[in-house]
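Heads up, the next two complexes both have subunit A, just with different partners, subunit B and then subunit C.
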Partner chain A sequence: MPIDKEKGFDAKNNSSGATVNQGPDVWAKAAGRALYGIDLQLPGMLYGKILRSPHPHARIKAIDTAEADALPGVRAVLTASDIKKKRYGIVVQDELPLAYDRVRYIGDEVAAVAAVDEKSASRALEALNVEYEPLSAVFEPKAALAQGAVQIHDQFPGNIAWQRELERGNPDRAFKEADLVVENSFSIPSVHPTYLEPIACVASSDYPGNLTIHTALQSPDIVRDIIAGALELPFSKVRIVGPVMGGGFGGRVYGNLKLYLLSSLLSQFTGLPVKMQLSREEEFCIGRPMIAAELKIKMALRSDGTFLARESEIVTDNGAYSAQAPWVSKTLSERNDSVYRIPNIRTRACLVYTNKVPTAQYRAYGNQAANFACESLIDQAAEKLGLDPLQIRLNNCTQAGDTTVHGLKIKSCALKDCLKEAAAKIGWSNRNKNCGYGISAGIHASGSLVANKDFRGASARAVLELDGRVTLFSGEQDYGQGTYGAFTNIAAGVLELDPDLFSLNCRDSLITPYSQGALANRQTTIGGRAVQLAAADLKKLIEEAASEMAGEPVRMEKGRLKSNDGSIMELAAVAVYYHNRTSGLTLTGEGSYVPPPVEYDETSYGNISVTYSFAAHAAEVEVDRETGAFTIKRIASVHDSGRIINPLAARGQVYGGVAQGVGFSCYEGYLFDRGRVVSKTLADYRIPTALDVPHIACCFIETTDPEGPLGVKGLGEVVQVPVPGALANAVADAAGVRVTELPITAEKIYRAISKGECAR
Partner chain B sequence: MKEQVINFQLNDEPVNVYSDPSLSLLKLLRNRFNLLGTKEGCGRGDCGVCTVLLDGRAVNSCLIPAGKVQGRNVCTIEGISSKSTAKAARFHPIQQAFVEKGAVQCGFCTPGMIMSAFALLQENPSPSKEEVREAISGNLCRCSGYKQIEEAVLEAAKVMICQKEHPGFK
Partner chain C sequence: MSYTIASNLKQAIKILKESDGKAQVIAGATDLFLENLPSELVDVSAVPEILGITRGKDFLSIGAGVTHAEAAASSVIRSEAEALSEACRIVGSPQVRNMGTLGGNVINAAPAADAAVALVALGAKAVLTDLYGSSREAFVVDLYGGYNRSSVDSSAEILMRFLLKPAQRGEGSAFLRFAPRAALALPLVNAAARIRVEQSLIKEARIVIAPAKPAPTRLLETEKLLLGAKPGLDLWQKVKSTASSEIEVRGSMLRCSEEYRCHLVGVLARRVSQQAVVRAMEAE
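Up next is the complex of A and B:
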């Protein structure tokens, strides 16, 4: 039963009706008092800047730092010869803090300076003299894969950063027995998360060698591990403290490791705090967009529309260094296979080094890129078979109880209802002849377990303060998605206390439990479960201490401590009693949620996540066939994210995620000129404005998932997944031709129409 | 450029500062007056997070040279809240509505967005949805999809009209 919820989740009664806590810093943000990375200043702070390579590929013959070193106000000039040659990386170890003997893209870090102010730092950069010997460069994956192509990294022959071949079932037989085979090729450019606050950090190394980095990260603890490893510091000497984060969208899971490392090194060299900050241009030119992808897909179907097999050949463009690109390529190459029941799969995927900006990840992790291709091809098949695009999806979609072709165990799934509701909301059965309609479906892991199979879950602490309030400690990160509000509501629900009594500590790695952070749609599902367990543990401890204090059994009911005779004790009194009895301890509930082990074989068959979220989107567009100009009129966005516990924030995730999906589908995409980023301003790399986002109808179909706390599943990433597919199909329906290259623009539609191409 | 004294009204107080007149108003506000509520997202007028009011009109402060504000009136996000410490009184109805309607996510665009909304509601106290969208179209937001921002501005408009008609109404 679809529910359009306006009202909140009642923490006290576990039912709808209460207002929802929006997190601790929302008022500070509205007042202009919230401090972000760019706002930070520490006493004695220096400013760091980076000298970058002007060549896409070159040998560094010499660097002369003498002139820069001698300038007034300059406190440190670092080149590779000043630091250890120790490679680091997230999946593969292919980066150094500064280029050693070769630069591999325009923007590669060559030297770093620290000075008393920005002007002096800029002057120092100008005074550095670097002698380069240009090398031949490759800019396209195809060229990089060709025999005899220049090798970008000696340790990765053939310029292959990562590859995989995968076969499930018997695709050859399925293609032989099929009534229909459809195929097409699709291309998706690199896109930038475009968080509005450029990344900034202040690193501060003190004399005993403790390093504190002030920067906002989605996964601060994981970054702490990488920094400690790269700088060969003991983990316990590295601390990350988070200011408020000006948007993340996957781009700040690891943020900009190079910036953190270089500011740390400069701070170690000078003994003073060093602030570094990317400009918007640097964000685009060196700031880690998501991989570009070329997909060639083939599908086999029976004449009744049953999906038999899918074969994909995928090449992704890694750029010069790898970061998370192998993992993104992996998700891109397989997640869409689990949206529908497709018994036979063959996939070849290859991630290729080129002399371009290094890549990383973005919200939805490539899943949305492949969705564009897979869902476009489904509509091509439906048309050939004379089937309704909605019906063919309903007939094939994954359902609760399924184990998908890659071994994902689907414990809860309302995808069928999501599809029906999305169609109903857009008026599928009563479509306007002058418009085009498209529908698309997506799945996304909620609480992925494979990033670290040994550390799958989360932990949290709930402390009863001496004043009777409760402080939660969690390493999960909220940058506006509503996580903290959700955690407060979950804990308040367990203890049956007013959410206003709760505070949260989440942004200091010194005091919060280690966490994987905001990735893989895991925070509310996994982190929330830990909070729930910590609150339950605290409740038990409070009851024990209160019983001891009263000398008789005391129960905590409806947030109040009652003994058998009905007398009531104050929470603060119990807290103080325990504090005095133990000379200073506080009642501290601990929660540790450890999801079941991952059974995951070498072909990566297995249940990779705690649970899975589903979404179906339907779009209505109007296309002017004379010019190709098009208008997105409406998008219906229907979700199975389990139980919705923070409806205001959930709607915010849907509107924002769909808007980003519209950007991904119709506006965004890197442009290069021989390895140089051309789209390097927000005027050239357009993200949707208030006038570009269409009307979005948002709806939640609630399921109760057995794994998440209170049955919740993730929402923030899955929301973007079906947008490109729905829009591409709607445009094809309206224009009569299919655009297979993102972003979909009026020009591409016009060209396709005038070519008379009817590939749909 | 040679430094000079610049006098102007800042959040209803007269101020004077000795500055290079070609420095941007944004840098002047952030670095000289420590008013960090006005954010910087691009430095070239593309994103709108640095929006302030100059004589009541919403402008990108990164594009205004400091010398241009001589004798004029500048209002920032810090200037639209009252100085009272009671939460209910401290926040302007636009700020209140932004929080209540879920219009604040990462919050980085929020100060600039609120200043654009403020300028709109001064000029047009009961705008349509389309007029709200138009007024904030120079303010990028990557989190919200603008829907809850639009809802917040419309809600604030209602409250402000009500407050005008019934002074003392909260």
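Up next is the complex of A and C:
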């Protein structure tokens, strides 16, 4: 159903009646006028390309660059011997801009060239001669963990990139006292965020050594930190300017650091701007998908369905380099424990190096991968106990006021109502016996503070321009999720001005406040609060300047400046007054939002986020038992994301996130052949088409959160979390057998049915 | 590289002649890739001589330049060659159906091209003309020269149209496709059938499956089983097992296992035959 036809849906106003502005990017994108990274052109620009390893693991014996250097149009050929051997990384320092002595996966960067056009750059790559000595390689975590396995990084013995053992409560006692113990193993492949625009950048280094990188990033300031560190440049000399971002889905928090570093190095060597862009095939083969995971989980329950304990053994596949994989592994291994009241937990998680594409992060940070396993197992338990899958969830779900097993403090939570509403929307009490039904619940941190305990918040500036308009400055990023619209609406709400009077500057690190960027569902929650405070500060400053100008107290009400006698002053007049009086200053409101300090111990027990969003999804599917083919008929997606300030954009997030969740659950997944990515085109790495996405019934249960600005909580990530669990349970209900390996495909259902596996 | 859109047959032939074998005919260009591009291309999709759908007294003529979208929208094709209508409705995506032509689908020679599978089941013939004005006719199935390779030299011949026998009394056809996604995906298996019944007995049957061999493949054993038989549960069970066992299929990491594809061949052969029989009986 078209959303504007939905009963009671109003795209123009939110539930408090405020008018909603969609933000400056929306119309540019709709009109095809937005400029993306791929459109960038600078005068004198060169084109950079990367020579990549054809071997999954090999020693580099020699690189001969003479022939490439001599080609016409070639301006620079870089190998590891031309640059400093300084390792960098996001969590662990395990990468170099170019491989020095060893390549560790098919695609590892060996050399970079810059030439006057793409053809010349390609010819230069062909003219490079590299002598390799192939080494034995490991492709599966199990093989990499085995005694005597080849060591991928000398500094990480046993190929272990990261590991964690965690115990809360007394799981041994809980398992001993349980009436029922269920267990199963699940496997989830690597997935790519598959943003529409492959990553592109232009790096430009000038003579005094200022480096400007033009590229669209979710967290440009964090990337500036890493680039400055890796290139040993002063932080203030690195500037990132963003074109419009063609999707990110978590994959562009750090984007592709190799690409930024190599284009910067090439620009430093040539003194000219250097453009680099990934092809779609490169995106799949080297473009940092999310980790693959194997989960073995066990649950203890009382006969009435009360959850007593969960034990998980998790192995995640890191690929050749680490990026954010340790953090993703951590979220994957613990976030689902807080969806329900589970007092006893034991988790062993291990992230393992293999000779495959390095991994990174993706929307929901592995939370959705673990949801598939945890929610599947809950249905197994419910069936063994003869309990309704909805009821067992209602009986155990987390509620407002709870402190969860990992110490998360839940200040607002409508999960119970979300479950009830999702069930109602799918027709849970009146289920069609020819279909299967599944329900699942999720939590996601909104404004997570674990990335930097000291820098928890955000800041923003609001400037009254001489023409009476307001310009906002924030370092937060919009890549389609509606941040800019939300910021405009928040500031417009505070000043009670028409949203059309606002302009927004977010994409140039030279002029915007330092920011953590678009990660951890913090944009509207934390960045929005800073904008709100900046707008309030500006309002105060305007009133002060206006009072001074009028010589009597002036108040700003309903967007108008009024003195006691009722006379009205123009905003522009006040701006000009202040500008003249100070010889050039502008009225600038500053907002700094610092969330309360977080306390978590060395086991990360504690309240790690400003607040938490919740969701429950229910799915209806039909299975053709003869072939295993299935049709997802409907998904009901019910959310507690606090107050919804932009209903149209919020719905857009739900539709897109559920569609992507459908892809994650039933279509996508990397396929490898001895370390080589086989699914490397959009024809073979299948994301769902419009025809594959079911009808989505979307609903928000608005709570008022004490933390976020105007009571809002994040939505962009949590929306994908419950999809795999709901679909897995619906398929199991329809087919009578359970698929434990994503993606759920017709062939896997058919095999499970033919084997008569009744692990349901 | 040159790309010419020919406005008539004469012009297309002239370019082909002058290029001395370097130019190739193209119609729809949905499977034209930047790699290994021929140096000269002659786009014939606007050539009037290869357009249009005509119903004659005892034939149905479909221009090679007819797009999948046109074929899918044609009421004549729906009533006279329903399998082809169904195949054209499901090819690729709306964009591909709007651009891609039936002639292109056949000459592109993908092993499981939907329209080609239906055309083979319907026993369609292709009419081709060479650069000197002489024509020849060939069964569509004979235009395949190997995997993804046509036996037609598109620098020397132009596929003009397809000729089909219109549906007879007691005849029905059907097409089915099993793919991993609802659009823009190669099928794991597709199947088409043309069946004629007389007094509730099957008198003629052509069942075609792909991908199995370079060309859409007739299931001759299954057809034999159907001939003279009375449709019923027993027969359909046998159709499934015979179809599954009579041809070899391959498995691949990206699509599905050999075992599963083999199972799907049986299921689809049975379902498409059943569907064709239902339609045939309605037309009796």
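Operating definition for what follows: the second predicted complex is superposed on the first by the 741 of 760 C-alpha atoms of A that agree within 3 Å, B and C clash if a C-alpha of one lies under 4 Å from a C-alpha of the other, contacts with A are read in each partner's own complex, and residues count from 1 in each chain.
Note that a residue touches a chain if its C-beta (ideal position, glycine included) is under 8 Å from a C-beta of that chain, and two chains touch if they have at least 3 such contacts.
Everything numeric in this text was worked out from a predicted model, so none of it was measured.
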item	value
Of subunit B and subunit C, the chain that contacts the larger number of subunit A residues	B
Touched partner set for A:A746, first subunit B, second subunit C, both or neither	second
Touched partner set for A:T398, first subunit B, second subunit C, both or neither	neither
Partner chain in contact with A:Y667 - subunit B first, subunit C second, else both or neither	second
Which of subunit B and subunit C A:T689 touches, first, second, both or neither	both
Touching partner for A:Y195 - first (subunit B), second (subunit C), both, neither	first
First, second, both or neither for A:T488, with subunit B first and subunit C second	neither
First (subunit B), second (subunit C), both or neither touched by A:S474	neither
Which of subunit B and subunit C A:E626 touches, first, second, both or neither	second
A:G246 touches, of subunit B and subunit C: first, second, both or neither?	first
Common interface positions of subunit A, toward subunit B and toward subunit C	683, 688-691
Interface residues, subunit C side, partner subunit A - complex	93, 178, 180-186, 253-254, 256-257, 260, 263-264, 267
Parts of subunit B lying in touch with subunit A, wherever the complex brings them together	36-44, 46-47, 49, 76-78, 81, 87, 90-91, 95-96, 98-99, 101-102, 104-111, 114, 132-134, 136-150
Of subunit A, residues touching subunit C in the complex	626-627, 629, 667, 671, 673, 678-679, 683-684, 686, 688-692, 745-747, 750-751
Of all residues in subunit A, those that touch subunit B in their complex	22, 25-36, 38-39, 193-198, 244-249, 279-280, 479-481, 648-649, 651-652, 654-660, 681-683, 687-691, 693, 696
